[in-house]
């Protein structure tokens, strides 16, 4: 029933809270012999860091990754890798005022029921989006492993509030543009519109959600399982473990419900001795297994629940309805920061399944 | 890495194939002392049975559930419950013709890669939707356990192809109408339109997908976990293990991406000494925990991949592109049959988490 | 918390009770392409069958293994393998008389507490040694897989009651003699003495325990893990899951406690380009990993708790001390029947770890 | 396949190496509301610290436990608890000399095979007994939880080399004497003899093993499971995860092999409205479940493999036989330090099973 671990061959165990001492990740099952330094992890971590643009929270998380185990002489040893960031620049005072008044849209109320009031309510405790620091650190390692099999994970923002990316983008545009703009959208024109929308809504004291699309390229056919450990189910599970996610779909997704079979089926053809499909409505997964086509998924994020507007809530001690108005520093839209997190989660699942089938070996040469 | 088991406190292990001898389920962790007979399981099984209407496959699966272990004197003993149905009325001949020519939209191709050609390809083998017989049998037990805590799971079809339920329905309508029509929709007028659409498309030799909405009522607040074993992640995982599912969303789901925080947040109020929310955009889950509000999710199904039209595929032996036209008996739309399966999956996850927290005790009085 | 499954890459799930309809095993993770028939399983099953000699219970278990899934055209498909035996020749009447009077040495009393009296008490229900039928069937498959890497598991009885094997035996003697005598001892002279002792004690209405030694040959170095999934810990866990086991030791075992380091350490030398040790006090395992030397373990079995003598017990309903005298048919010594069970358990663990490391591939050619 | 976690409801995940930066433990599933400070953990940690007596290694591990997560305002929050000690006073130079020359009795050789030479060989890396620091820290928490149900775990040394405790001791003697002498034996006279023996053998440059006996008092009947997650199997598994353990037995253990059933069976009687047994050859476990009697087990430790005498080994690079003589500081007998480790492991397993059955609730008042 351990709820803080995920993965079987490549497993992540998380610890830490938003306003505690640290957030950390234990990665077990990383093959031995992978070059790994704190810079590798820092690079990914910096992608999700707030405070790098006008549209993210003013809390300055100078997250400095420290590797505590599992690496020797610059190479992974096969032992569990512990990597940690200390929490800095934490201001917990605002949370004292609302500790018995659950914030709408946050986990405060069910957490209070679940943990009998003993939960660390500062900044959402272990329910905070800050836990995704751990996912990102583990994802940094997974991404390095994917390179060994020439696979790659590419995510970007395709919708923020009412602004939706109106056209297809190329993988090259994603690679080139995503981390060049504050909203992590591969199309720069759309990125500008999204950023303007976020700023506008932020001024109103309100917030926005959005959608991240993620594509895994180069994943060989046959990864995954039928029945319960299917590739899509494992991807969906970890994606729903990202705070604020409310929907996940693969390929044509919810649209497939409107298609006829003849429209939705991806027909097979031979292409340079490879079996490919003419379309990819399946999003690269059939029967829980990868097809060799790009694995495509979309992840819906709700708007940041922390808003500056007055809201109704209850006083859990006095058992009566009250109103609150949240102070504190919050992202008006967490979607841009979720982009590297989605990539990390997808990379971890693919690595996990690739190791299970021996496609990534336990010792790297 | 065992991929045929799911759940921790209440665990399901599946076995069997579409055209093998049987399909079966082992349910471990069912509390002792629950009255359980084959009738209880048969009742649920009959809900997913094809051959009960004009719109489902003509294969007559007279699925007769047999309990092989775990029940003594009409009560569960606490030991693993094995329940099985034998496969009857199986016609495997059509599959010989296409065994090296993967059917578009089916798992045939990646299964061939994964299992080196040794997979049982008849009727899709273990990738067949027939495995959901096992889910349904386990779900029958889970539903009985939910009654012990006055919880209930209600699913129905809200979309088939282009026909979408245009209005809200009451829980009472769901309870009353769903199994009174062939498409399992709670609104009878919409049901008629859906049925007509299915028949029309079936005549064309084509198929349709759709969306099932499921609501879990009476689930107490605080079920689930933060981080990895969150309630929504566990629900999503099992739902994506239903063949043909391409999307899952909770509450406002993908729509939440367009909302502002002030629109999406569900504000709390006291109502007769209970904490409730004014809206339920969260779909009853915050931070991976149940809120005590109805848990609401929607599940998108792609159209049945087996269609009677000519399709492109490849000959895996000769490594060249070819065409196929499938014979055999297939549902033009599997969505209606998925309704009890979705209910079963949701019931299992809730029971699993309720047992973990001791809300359902290990011995029932 | 599912307690009826074991193994990760090669996993066994059990179901069934002593006097229920059947005992069965689901084996998940067996590589595809292994030739497998019911005869393969029956051969192992026959080794543990009672009724084959004067010293075992008169219950005639004509256990006929039936494969229900996972095999097609005589080869494993990669899908879960279900194999089952029906229970026959069951006489449950004696158990009615003692259902509230726990038998000394049996699980009756703690089972009553654990399951609130709902447990199937006939023949010990799921606590019966009969569950080892499932281990043996799974072991039959594991042994076939071991052959693929030229590994082999050899067990035999080295002690029954006061009679201990007084000398070393060769692997050849084990292979040749074990199933040629009723007590499964590799030395025929000792076997005669053991058999005489069993018959003598049986006449007294009493029973005997003993020790099984098991050696795994041909296991390559490096299998297992440090920390928690070590090879010895996984072996010990499954061995203690055999009913009546009270002790497990590897190599020098408890004797090592009396040795000095200089006596106990196995020194390394090169032998025909292989690293070997001069002694094998480690029993082929160091740091949780196989060393490449034979893996040697001994398993202590208590005497059969079912004896024909009068014993003190309690009436759980009337809450008072009473006496019982058991009827029914029981082995005066279960050790001989445990020999193939021990082999099966050891084979399963080695296969599980070999698959995890890719030493046994997921698809066999 | 994650090999660095154990336990289901109360789970321990380990990280760190002997000569790396730290050794740490993540404890997941600890109920919320338990008072917990670093002092609680330090107290247990100090019990296994070397450098406190003449007979243990001169390496001064000033292990200072730091809690990094899961505790707020002095109480557990229900979130994963991370607790860590930094490694100090580490001298890795001796290990460079022998990095390609595996030390007899250590994991060096199979670790080299398993991890392709990338393993951290300094001080044995993750194979070092130092990992038991993590077990002890987790055990400190488990012991506090056991107090909540009035249960207690008591271990002591009953044998070192040839010196075996010649008599029964009372629980009171164990509680009083164990941590008052350097060998952790409850009988002071025996303790003196053991200490003399250790000093004598240490002077010879040699080492000794021994046996630890552990008793769990106050464990209610019915804990555990039949089949695979039985209480004895789970205890055995974690005990074999302690480096140097070569044997585990419960109750009469290996001796039971020599008993007749009439001698070994523990007969039941009523005693002040409780069901008890007249003897306890079962060691408090029948059928994988606790009986309510004291749970008694003995754990055999091999002598410390690090000795100062010349030994044969191989040069793995040059592939030839060589000799080595180890420098470094080593315990001539690790048994005394294993005493609190055994207690910790036993406490963790009992807590894990008590939480699974709801006997220890998820929120403590």
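Going in written order, the chains are labelled A, B, C and D, and every chain counts its residues from 1.
Here, contacts are C-beta pairs under 8 Å (C-beta built on N, C-alpha and C of every residue); 3 or more make two chains touch, one makes a residue touch a chain.
Treat the numbers as computed from the prediction; the structure is a model and nothing was measured.
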Chains contacting each of subunit A and subunit B, listed by label: C, D
C-D or B-D - the one linked by more C-beta pairs in contact: C-D
Chain located farthest away, centre of subunit B as origin (C-alpha): D
Cα-centroid distance, subunit B relative to subunit D, in whole angstrom: 46
Where subunit A and subunit D are represented by their mean Cα positions, the distance between them in whole Å: 38
Intercentroid distance (Cα basis), subunit D paired with subunit C, Å: 26
Numbers and ranges of subunit D residues touching at least 2 other chains: 1-5, 8-9, 14, 79-80, 114, 126, 226-227, 356-357, 362
Subunit B-facing residues of subunit D, complex: 1, 8-9, 79-80, 226-227, 356-358, 361-362
Contacting residues of subunit A [partner subunit D, same complex]: 1-5, 7-9, 11, 13-17, 20-22, 24, 26, 28-29, 32-33, 68-70, 72, 75-82, 84, 114-116, 118-120, 122, 125-126, 356, 362-363, 365
Subunit A residues within the subunit B interface of the complex: 1-6, 8-9, 14, 102, 104-107, 109-111, 113-114, 124, 126-127, 131, 159-162, 201, 204, 206-211, 220-230, 232-234, 236-241, 243, 245-254, 256-270, 273, 275, 277-278, 281-283, 286-292, 298, 300-307, 309, 311-314, 316, 319-321, 356-357
